[in-house]
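We call the chains A, B, C and D, going by the order they appear; numbering starts again at 1 in every chain.
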Amino acid sequence: GPKIVSGPGAEPKCFAPWGADTKYLQWEKKKGPYKVAIVNGFVGNTWRIQMIKTAKAYAEDPAVKGKIAEFKVVSTGTDAPAQLGAIEDFINQGYDAIVTIAVAPDGFDRVIRLADKNNVVLVPFDNVLDTDKVMQVNENQLEMGRKWGQFALDELHAKGVKGGKILEVRGLPGNSVDRDRSVGINEVFKKDGGKWEMVSVVGNWDDGTTQKVVADAIAVHGKFDAVVGQGGSNGVIQALKDAKHPWVPIAGESENGFRKAIAEHSADGLKGISIGQSPGLVAIAMKAAISALEGNVMPQLISVPLPVATYKELKDGQNYWSNLPDNFFTVNEFPPCGVNISGPAIMAQTESNTK
Amino acid sequence: MNKIRNALANSFRQSRAFYGALALLLVIYLVYNILHPHGFSSAVLVQNANETVAIAFLAMAQTVPVLLGGLDLSVGAVMTLTSCIASELVHGSPAAILFGMFVTLLSGTAFGLMNGIIVVYGRLQPIIVTLATGAIAIGIALFIRPKPGGEIDADLNWASTNSLRDLVDTYHLFDPDAAWFAPVSWIPVPLITLLVVAFAVWIPFRKSVTGRTVYAIGSAEGAAYMSGLPINRAKIAAFALAGFFAACGGLYLAIQTSSGNADVMQAGAYTLNSIAAVVLGGTSLLGGIGGAIASLVGACILRVISFYFRIVSIDPLLQPLIEGIVLLAAVSLGALRTLRVKNNLDLFR
Amino acid sequence: MNSFLSSIRPENKPIAVASLFIVVILLIGTGYTLSVQGSAPLLSPNYLLQQLQTGSFLGIVAAGMMMVILLGHIDLSVPWTLTASAMMAASVGGNMALPTGIAVGLAVGLVNGLGIAYLRIPSMIFTLGVDSVLRGLMVAHTGGFAPQDQATPLMRFLAAERLFGIPVAIFVWAFVSICIALILTRTSFGRSIYATGNREGAAYLSGIRTRMVIIGAFMASGVCAAIAGVLLAGYSAKAYQGMGLPYLLPAIAAVVLGGTRILGGQGRYVGTLVGVVLIVLLNSVLSIMQMPEAGRQIIYGAVIISMLLVYGRGVKVAS
Amino acid sequence: MNDSPRAGVPIIELRGISKSFSGARALKDVDFACRSGSTHAILGENGAGKSTLIKIMSGVLQPDTGAMYLNGQQARFRSPSEAAKSGIVCIFQELSLMPDLTVADNISISDPPRRFGLIDGRAQRRRAEALLARIKCEDVNPNALVRDLSLSRRQMVEIAKALGMAPKVLILDEATSALTSRDVETVYGLLGDLKTENVASLFISHRMHEVERLCDTLSVFRNGSHVDTFARGERSPAEIVRLMIGRDVEAHFPPKPAPRQAAPYFEIENLSWENRLKGVNLSVGKGEIVGLGGLDGQGQKELLLALFGVLRGVGGQVKAAGTTISPSSPYAAKTGRTRIALVPEDRKTEGLMLPMSIADNLLAASFDKVSSGPFIDSGKEKAAVEDGIRKLQIKINEATDAVATLSGGNQQKVVIAKWLMTEPDVILLNDPTRGIDVGTKQEIYKLMRELADEGKAILFYSTDYAELVGCCDRVAVMYDGAITTELSGEAINEEAIVSASLNINTQSAA
């Protein structure tokens, strides 16, 4: 397993440590090229598809291609034993690094132990583990929630609204990402002191479900003063439109459709903020894994900055694309890491031949 | 001698589906090991066994109601529920751990018992009863564990998910490298767990009057009743046994993942896979024919198929498609029987 | 109440009980909203219409599911039939969107029917396999091509617009309902479904083309899932991966709560209709109450069991 | 009315037993007694309440009123197992074997031999062998699945199973209806043995000659009431029949037309299938009733199924009115230029949809006949149903009642009526009078003759030789998948059929 060493680590611009107290880890240097595997959970939404495509594109990137001897991606569904099994199988097969999106924040003790025993670098990202024993890559979910909440609050204050009903749209239940974001959002509203009633619905991060539960909530509650939601933001927009609900401040993720809507309607009151978990995280996780194999000192928890864009910062063709479909995630590149695979480039390239 | 050969031929003819499944499993597992860079090693076997235990227990659980001619749509949910219970209880002193395991298995059995009682005394169809109680089980699981987590004894986790050698080593039972121990020390503990439960619980059950009655009910319920068999007892026992096996799956899942997770989707997927495993093993969904050992084989087939994705390079976005086609093809193997049928009326029995 | 229940014919009993339950749910829900919010949205026509609008997707799926359940079969491929129809409709777009969606449903139904009628693989397992193949196809489709996923204006109209103040989706549901009810009661195909569901061997020996009946029923189920998918995509303005899953178990539950025998052969379409309304209202009341998922699941299960128990214990197995 | 011919306390006695099914009275205040060592027949029309009576004795049904006494002690059985524990063992009209279990499993099902609490497979097999040997069924392999046995073998297994339970009262509800004549002899012998062991046997059969040979005491039921009990020989067969159906039955069979050479219409040439049919040649003319005889299981059933398009891979040729037909399914058989109908072997599983209404069952083969366009025409539907019920005089309450509520004979009439609605040219009958009372049988014979007179070609398989003799213009006897003998005119008699069935003397085909 890795040694705990002191920082700073390699490429601090790209591999930014989470905080001041983040540990640093160092693995024994191995000779490349490396065998790298990605063990995804399910492939049930666009985000995951975009993630897989990004991973494949990144593995072909000239900067990394030479360092990878073998590259495999498997998706195991929501089945914990299958995911653990796949990781262990790759360890047995002699893979050097395994990048994964965990199906649950717990339960990886055994594979972590095996990875350490075999000097394999295991890198969870996105839905990370509640442990500090492995190197992980993520955006700060708590912070994301707080920013969403704070933005909505600020916009409401600016309108002079001091209390009212807020609709919170949650993601897939039982998931650490969902949990942390929600904690952040609620914390902000609680601290404000205004009289806020939080109504929360579960949208499972998907547009359709979100649209349905938001429509239901509007039918029951009549009107909300703001909507703060996780993934599925396109559904929020659609539901408001269908119900002819007046535009209100909305916080959401980075789907192109959501950004298009903000850009179009911000003058009518749709004051929006778009912060998205990026499918491009996979590339950073791969890069971190390779860097660790090369013997570099790495932060145990790598923080990727939140890609915030409010209605003030949206620019067509730059951070959203009005001529492209709604359902890809706009934020995908990370220039400080040399990850330059843009969302539209991999998700919309073949648009013309299917239209 | 002739008699034995006759009996063998008889058993072969009567459970062709099972032997077919067994042969299929042997072939695909052999090829997997040949293709695997470290095939035929203890580590690979340990890993394979770990991955298979939960679904194998669920397949065995599903078998019992299926033999009755019913279906238990709650097995996945009961597994989830019991794994959440285990994640609360299975840690601390050895006594506490044993107690936690006992309570886990008991609660699954009790849940199955409840299913059985509702089915028997409510005179309702198992499929719809368990559809509903499955929701209840998930509800309770979410209540116990709104977010994934919990605690499982770390030694237990390590010892029960490795080879016998590691088990002996973890608990300092004796010298794990003793020469006499070497021939068996490589055997995976999960495999032993699975086989011990399967043979110690299933075989006696099948040979008991209650077990026999389960088969009789699936074969012809009216006739079973007329023959004076304990119908109610057998039905209730069948569901309770299903609950027990599901709880074994849940307990193992909790130990394996050191946590509990009230994952609705996983519960649903495991239930459906358990049915697929039962069918792959050659148990008839109409009841009366088959057995838990066959389903165990079916579950293994299901798992080994997915092992291949890690060995062979397949576009990850095509994997679900290939998995689907292989599953469809595997269950369609049973259709070969229909091609042999010469009397169309035989199709309807 | 007891004497009332015993005075109706056994096949109508589930329908009566479910209707009563609907009233009870409305009362409980209204009591709750009156005491907590001081309003009664559940009784407002607009709210109810909106609930029925979203309920129509479930209703249409359940209508098709009923056809196969009457045969003693089940269609577990509904989730991805629905999704695939919607996705294909959206990605073809234009005037061909609707016909494409329906064609997908028909094709899936045909495959299901062929596998079950000719290969005689249990529907439980064959449709499960077809479902995962469809899922694989759609993952490959969306992953490979980044297809268009926006609903066409016609799909939007059918699902989200209103005509004379009534959501168009409800008209679609009504149309599907009338078709299914007519088929079941007044056509020889419908009667053959009941006959085949009761005893396939006897139906076959009566010269009923049982294979065609099975194929027909599965195609009906496929088409219904397709219509629901196209509508749902219209309602959400797009087709998306997870859209079908939430409809499977509720559709089965609605059919059974409506009094259709899960083993086939018995059931009336009105029952399915009532079952759907019941489930839709139960869900809305639970979401109005902001019931957490745990409680929701428990109540859901408890309601199904208790209603079935009220319907009366099934008869003993025929000797 | 307790006028049993012998003295002493009866082993089983019923007093004042009544039983209704949803309003309909199946048994009305019945007193009945049966003594050890007697072989006691219960006679009555279909629906007279015989099965209901013995179901009450054996704990399947609970009486509404009345009490039951076992050796003079009041007893109440809540289940068949309780009854069996008291020595009352029943072979039910509807078989009670588990098709997916082996013969040995089935025979010992209710109390298998055990070792250490677990079932001892080997002991079970030995037990099965012994019991099967006792009824001369050594040919049945104890390890075979019951589903692979023929109906007659299954009935014998059922008897072995009952014997294994060491009965004090053995009840046989039409348990010999499907047996071969050899088996019937065995069973007769067995009942004789049981008598000497002081076991009481209760015997229900619609075959009068069986009853007369076997039973020492006879009880007659009519419309749910116990009419009379008397010793064998006390009453003439005609008297007994009158007691059963409440009127005289004159000639048993309708008169046959004078023998004539009917022009071949429906011709079967060299038909073969698997190893069950080996080149069958037979022709049936319009207006002719041709009987199929032979021991059970010689291919008669397969022949009918092959003609009806049910079997795959049939070799040979079938011609109707000179043109070759080869129906590939019952649908094709029903709708072809020459329309064929089949009244199948087992009405409960092959003939009827039991939970469905009488009306739906009657229409099941002719939905298209009552439709206009795609829709069923309620007017036509009603007329057709009424017509069918009237023609066959089916006794019903409401046409919307489930067909399961009818007695066996009336159920059989529904099956026949269903097929008559399709206006068939060729009618195939597979043992249509099995389990049917004399009165109804007679009606069916009459109906067959009427149909023949209307110009239909009828092929009629029966296990009852008397029936073949009485009804058929010609009889073809099958042995081992082929027709070995054809009899016609005066040559049709029971001895000839029996010897042909056993393939004793190699008569040349007529």
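Keep in mind that, in the parts below, contacts are C-beta pairs under 8 Å (C-beta built on N, C-alpha and C of every residue); 3 or more make two chains touch, one makes a residue touch a chain.
Chain identities (UniProt): B, C = Ribose transport system permease protein; D = Ribose transport system ATP-binding protein.
Note that this is a predicted model, so its numbers are computed, not measured.
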item	value
Maximum centroid distance from chain C, chain identifier (CA atoms)	D
Two chains sharing the most C-beta contacts	B-C
Interchain centroid distance [CA atoms averaged], chain B/chain C, Å	31
Centre distance in Å when chain C and chain D are each reduced to the mean of their C-alpha atoms	44
Separation of chain A from chain D, taking each centre as the mean of its C-alpha atoms, in whole Å	73
Chain A and chain C: spacing of chain centres that average the CA atoms, whole Å	35
Residues of chain D touching at least two other chains	60, 92, 94, 310, 329, 350
Residues of chain A whose C-beta touches two or more other chains	43, 49, 52, 173
Sequence positions of chain B contacting 2 or more other chains	142, 146, 222, 225-226, 264, 317, 319-320, 344-345, 349
Chain-chain contacts as defined at top	A-B, A-C, B-C, B-D, C-D
For the chain B and chain C complex, residues of the former touching the latter	71, 118, 121-125, 127-129, 131-136, 138-140, 142-143, 146, 221-222, 225-226, 264, 272, 275-276, 279, 285-286, 317-325, 327-328, 331-332, 334-335, 338, 344-345, 347-349
Touch list for chain B against partner chain A, complex	36-38, 41, 43-44, 47-48, 50-55, 142, 146-150, 154, 157-158, 161, 253, 256-259, 261-266, 269-270, 306-307, 309-311, 313, 316-317, 319-320
Chain B contact footprint on chain D (complex, rising order)	60, 79-84, 90, 92, 94-101, 105, 109-110, 112, 114, 117-119, 121, 141, 143-145, 147, 161, 273-274, 302, 305, 310-313, 329, 350
Residues of chain B touching chain D in the complex	6-7, 10-11, 14, 204, 207-209, 212, 215-216, 218-220, 222-230, 284, 287-289, 341-345, 349
In the complex, chain C residues that touch chain A	33, 41, 46-47, 50-51, 54, 91, 93, 139, 142-150, 160, 232, 235-238, 240-243, 246, 284, 287-288, 290, 293
